[in-house]
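This is the structure I have questions about; it appears just below.
Chain nomenclature is as follows: A, B, C and D, assigned in order of appearance, with residue numbering initiated at 1 for each chain independently.
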Amino acid sequence: MKPFGRAEMAAKLAADIPEGWYVNLGIGLPTLVADYVPAEREVVFHSENGILGMGPAPPEDAVDTWLVNAGKENVTLRTGASLVHHADSFMMIRGGHLDLCVLGAYEVAANGDIANWTTSLNDAVPAVGGAMDLAAGARRLWVMMEHTTKDGRPRLVERCAYPLTALAAVKRIYTNLAVIDVSARGFEVRLVADGVSFEALQERTGAKLHRPA
Amino acid sequence: MKPFGRAEMAAKLAADIPEGWYVNLGIGLPTLVADYVPAEREVVFHSENGILGMGPAPPEDAVDTWLVNAGKENVTLRTGASLVHHADSFMMIRGGHLDLCVLGAYEVAANGDIANWTTSLNDAVPAVGGAMDLAAGARRLWVMMEHTTKDGRPRLVERCAYPLTALAAVKRIYTNLAVIDVSARGFEVRLVADGVSFEALQERTGAKLHRPA
Amino acid sequence: MIDKRVASMAEALAGIADGSTVLVGGFGAVGQPNALIDGLIEQGAKDLIIVANNAGMDAKVGLPRLMAAGRARKLVCSFPRGSTVFDELYKAGRIELEVVPQGTLAERIRAAGAGIPAFYTPTGVGTKLAEGKEQRHVGGRDCILEHALKADVALVEAWRADRWGNLTYKGSGRNFNPVMAAAATLTVVQSQHIDELGALDPEAVVTPGIFVSRVLHVPYGNPPPGNRRADVARPEAKR
Amino acid sequence: MIDKRVASMAEALAGIADGSTVLVGGFGAVGQPNALIDGLIEQGAKDLIIVANNAGMDAKVGLPRLMAAGRARKLVCSFPRGSTVFDELYKAGRIELEVVPQGTLAERIRAAGAGIPAFYTPTGVGTKLAEGKEQRHVGGRDCILEHALKADVALVEAWRADRWGNLTYKGSGRNFNPVMAAAATLTVVQSQHIDELGALDPEAVVTPGIFVSRVLHVPYGNPPPGNRRADVARPEAKR
């Protein structure tokens, strides 16, 4: 079994983004995706704090500290970018103008429910950021996450145990083992990593997997 | 009896606007008020279609046809002006940011109700414009109108007969005969035109007038 | 390469279906997408619901032409006065009218673009325009519930545009245009200038390209003069 | 002459009362009105309800200092993570927290400025953050009712300002600042540059002066660098 690395997951997802899409990448793992969209394929990246048309991270000796993304990392503006305030920025999100949002998650259920903002397993401070707006508002929500937890429990489940971020929102999941669509039938396997059999994948998944129709 | 002319009404109202107020002047008679606020007393005039900081009408040989006010008349920008879109412009109105709005009216009731958008007496096309937003949203609503109709019926009434624009909104009325506050007691006479007795004014008014407390 | 520029009016208006709800920018004669309206008459879509602040003025220009051609079955509007074409159609019962307070109209369109299906507002409470609407005391005031006004098409007039669809406007030509641009499935722009990508200052873009579908270059010049001011005494104008 | 410029921090923050609700602009370290927050500590108002996207980061700068000084009784926030000061106060039960989805937070503040007392939104439906909120099917979706978040004070960071209070921002320093500027009874601005009236392009003003009460000149320079990017493989960064 040869699981996808994080870079491979990002590259695989990036390859599925067509030119012209407006895309918001969640903080953490999803942020990597931008690096795998070649500049000549024009994809417009959005950041919650009012940037449309984010470019790559700046070289260390040319950082404009007035520009950060949602993860508070310094970024650049691409030619054609525009800056708006927070209400206008979330208008893009909540008004259904983004073609795609990619988020990390703790769990995704077979009906598309997503839990990605708090585990409530410790007394950590709850923090939601823009996840609920993005999950409810973007035209498509794709998730990037490890297929199982560190101790091997499935993250693709029949029903989320963690507090929900949004109901029936996820359309596709990119994991280290597979790419899986969420359809009316539930989880549909699109693609598996080398050496991962359908049966092995099912073993690591908490809900029934379907072969593509 | 020496009624105020339109210019006098406008001048009288203008004199009551302190420096620093943000003011929307309704189409028609109220528009005149701006001419009687001297430029050195900085009052910021707002127009529904997205202008904050309107200046006087341009000389005929220097008209910028890209600038119109709510009455579709060409205007100018004052130094310090800004331009916004319609939702942001009505945010100023509806969010309670205007210190004053001045409207014309058919009738004002003793409780501050105003009727100024349609008479429903003919089959004319109903048209409301921004009147309802202004009446409900501005911090103060003052009305400028003739004290009676052409055939002598009162416009200051116990209860409006014409369709309402807003409830309990008017704070002060400037007519050709008097300046009248609308208080918890009802109509309070602040000022009368030369030769107009309280009794003569009461005769021409459809609700009880009070002398100032 | 993202390129929203189109070369012809036919391309700009392709696919607009009968029965569409069409937002039309402009206030008075400023910021009116008149070329697109003329194009829409040519294009042929009928049974349209038109949303615009005014019903137009000059019978030979813009909306009045569209209405005279019998293409609009309904007008949603704050101030349908000054258009003899509309007056006649309305009095003859040949066009429906929904009168909406101007700020409520702007906010309902903004809500559609912002994914807000409905909101409460004090505007209109106690008036004929509140009849049939849910009323509720909220935030310390009586309010009515107003719904988002979502559209199939927005026709927008801009001053500058680039191939990503970023837009700026000129003077009071901004008005409803940016609000409408964000509220339709298909947003078509006529722009006086087409600029290279990057020529518009990112800090000064008014409509980001995400809201725009197609851009047509229509360099028509300046709007006609506005109304004459009906004043009695203008001390300052005498200078 | 309208002149909203003030000469001192004391004048900028005069009259802010105990128990005030205070909107604080900024996202990450960008656009944070840190000088005004320091001034507010000095000014002494306590029992404050602070509304901000973050709880701050560096314990020595801005909100964490205010919280550590015991001035905030409650934080309304979308992402209160990364602030050890807040974490400790919260875990010790010494500060209340209302977590609000970031877009709902922005929209609730915008609603306060726009005179919309409440609106429906699909964001948060079916989650813990919808508990206790009215739910309703509207516009074809399940929604919850959210209320305007009106404030006594807004603390805003701007790039350029004039004496009328017209403002522009820089880069992603815009964020919540213009939205908050419109939603408070008293809006206090710290601006890096003070310009002559007329120097700001009317087409490019982001916050019109009508929303601004006082402007203080605070030319502090640039924000500190952002977070380091926690990436694994960055082919483009290798160039």
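Assume a contact is a pair of C-beta atoms (placed from the backbone, for glycine too) under 8 Å apart; a residue touches a chain by one contact, two chains touch by 3 or more.
Because the structure is a prediction, the values reported are computed rather than measured.
Common partners of chain B and chain C, by the touch rule above, are D. Across the two interfaces under comparison, A-C and A-D, the one joined by more C-beta contacts turns out to be A-D. Relative to the C-alpha centre of chain D, the farthest chain centre belongs to B. With centres set at the average Cα position, the gap from chain C to chain D is 33 Å.
Centre-to-centre spacing of chain A and chain B amounts to 54 Å, using the average Cα coordinate of each chain.
Separation between the centroids of chain A and chain C, computed from CA atoms only, is 36 Å.
Per-chain Cα centroids separate chain A from chain D by 27 Å. Under the contact definition stated at the top, the residues of chain C that touch 2 or more other chains are 107, 114-116, 121-122, 169-170, 203. Contacts with at least two other chains are made by residues 83-84, 87, 90, 93-94, 137 of chain A.
Per the contact rule defined earlier, chains pair up in contact as A-C, A-D, B-C, B-D, C-D. Contact residues on chain A toward chain D in their complex (touch as defined above): 5-7, 10, 28, 31-32, 35-36, 47-51, 56-57, 63-68, 71-74, 83-87, 89-90, 93-94, 113, 123, 125-133, 136-137, 163-167. By the touch criterion given at the top, residues 19-20, 22, 40, 42, 44, 46, 52-53, 77, 79-84, 87, 90-98, 137 of chain A touch chain C in their complex. Only residues 27-30, 53, 77-81, 86-87, 90-91, 97, 99-104, 106-107, 109-110, 121-129, 169-179, 206, 222-237 of chain D touch chain A when the two sit together in their complex.
The touching residues of chain C, counted against chain A in their complex, run 1-2, 112-116, 162-164, 166, 182, 197-198, 200, 202-203, 205, 208-211. The touching residues of chain D, counted against chain C in their complex, run 107, 111, 114-122, 138-141, 143, 147-148, 168-170, 201, 203-204, 206.
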